[in-house]
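First comes the structure, then the notes that go with it.
Every chain is named by a letter (A, B and C) in the order it is written, and numbering of its residues begins at 1.
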Amino acid sequence: MPIEVNGKSFETDEEGYLVNLGEWEPDCATVMAAAEDQELTENHWEVINFLREYYDEYQIAPAVRVLTKAIGKKLGKDKGNSKYLYELFPYGPGKQACKYAGLPKPTGCV
Amino acid sequence: MATKKFMFLNRKAPYGTVYALESLEVVLIGAAFEQDVSLAFIGDGVYQIAKNQNTDGIGMKNFSPTYKALGDYEVTKLYVEKESLEARGLTLDDLMDLTWEDEDDDYAEKPSIRLVSAAELAAVFDEQDVVLSF
Amino acid sequence: MSTLHTVNKSPFERDSLSSCIRLAVKGSAILLIEDGVFGAMAGTDHSDMVQAAMKDASVYVLGPDLAARGMSEDRVIDGIQIIDYSGFVNLTAECNNVQSWL
C-alpha cells in the first residue's frame, strides 16, 4: 500500500517497508512514525541515520545484536544497549527503525 | 545449547547463479544463533570476495560490501584455498581487505582471510560439526 | 561472419567453453558473458586453451560482466575484444547464427 508524503506517493510492501529504498526522504520516517503514534526525537534520528549509513556501507540492515554493538561503539555505552533502543523503538529497533529509515527488514528478522 | 562448529563452503562465482548470495544470507541469519561459524572459499567461490566489483552495468545488486560486515557478526574465519586462487591467476591482493575488530584488544583490526592449502583446509573441515555447501 | 557462440558458464565449473572451442569452425566469433567472462582472464589454468582458440576464432568478452565480478580489463588476455551491450547486439546482427552454450 502506498504512503503519501509531501504530496508524493511511495510504494510500500505489505509490512509497510519502502519498495524502492532509493526514494526515501526524511519525511517518510516522520509519516510512518505518525501512523504508529510515534514522534521522532533527536535520539530516534540518530539511530535512523546510523542505519542508513550502515546500509550504505554494507548493503544490509544489521541484526539487532550487531546494531546494538555498533551503536555502542559509535554513540556510547548508554545508547548501545537493547533497553535504550527498545524504548525508542518499542516494535523492535531492527524492524521499526529500519522501516522508518527506508531499509528492508534486517536479514533473519521474522 | 552447546556451540557447534558450522562451516559454509562457497564454491560458486557471484551473480551468474544465486548460490553466493543465498549462502551469505544464511550466514548472516545463522550468526544470530551464536554458533562458531567459519566460511571457506574454494573453486569459483574465491571470486565472491574479489575486489572492485561494480554491478552498475548489469542491473544487479552488488552484495560484495556485505562481506565486510561479517566481522560485526563475529564471523572472523574466512578460509581461502591457495590452489583455487592460483588456478585463477589470483593472489590475496585481488581479494577484498576483510577484517574484524577485536573488542578484547582495544578494537584492533585483524585480518579475517586465512590463506590455506588444500591439505590445511581438509584438516579444518575435519573439525566441523556441520558443513553446508553452496 | 559465420556463427556467434555465447558461453555463460565459468570454464572452471563446466566444459561449455572447451566444448565450444573444440566445435567452433574457423572464423567463428566466441563471446564470453556472465560467469563465462572468467575464461577471458590471463594467467589462469584455461588461458592457454583460449589463446590457442584465438588463432581460428575471434574472442569477445562483455565488459559489464567483467566489471560486476571485479575482473580488471587490464588482465584480459591480449587480443580478446572487450565489448558492451551494444557491441553484443552488433555482433548478433553481423553473424548468421547464434549458438548459446548453456
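Here is the rule we go by: contacts are C-beta pairs under 8 Å (C-beta built on N, C-alpha and C of every residue); 3 or more make two chains touch, one makes a residue touch a chain.
Note that the coordinates shown come from a computational prediction; the quantities given were computed from them, not determined experimentally.
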Can the chain contact pattern be summarised as a line, a ring, a star, a complete graph, or none of these (other)? line
Per-chain C-alpha mean nearest global C-alpha mean belongs to chain B
State the pair of chains with the top count of C-beta pairs in contact. B-C
In whole angstrom, what separates the CA-based centres of subunit A and subunit B? 28
Distance between the centres, which are taken as Cα means, of subunit C and subunit A, whole angstrom: 45
Which residues does subunit B have that touch at least 2 chains other than itself? 62
Residues of subunit C defined as touching subunit B within the complex: 8-10, 12-13, 34-35, 38, 41-45, 47, 63-65, 67-72, 75, 84
Quick one: in the complex, what on subunit B touches subunit C? 12-17, 43-44, 47, 50-58, 60, 62, 64, 87-89, 94
Of all residues in subunit B, which touch subunit A in the complex? 25, 28-29, 31-32, 61-63, 65-66, 68-69, 72-73, 107
Spell out the residues on subunit A that touch subunit B in their complex, using ranges where they run on. 57-60, 62-63, 65-66, 69-70, 73, 107-108
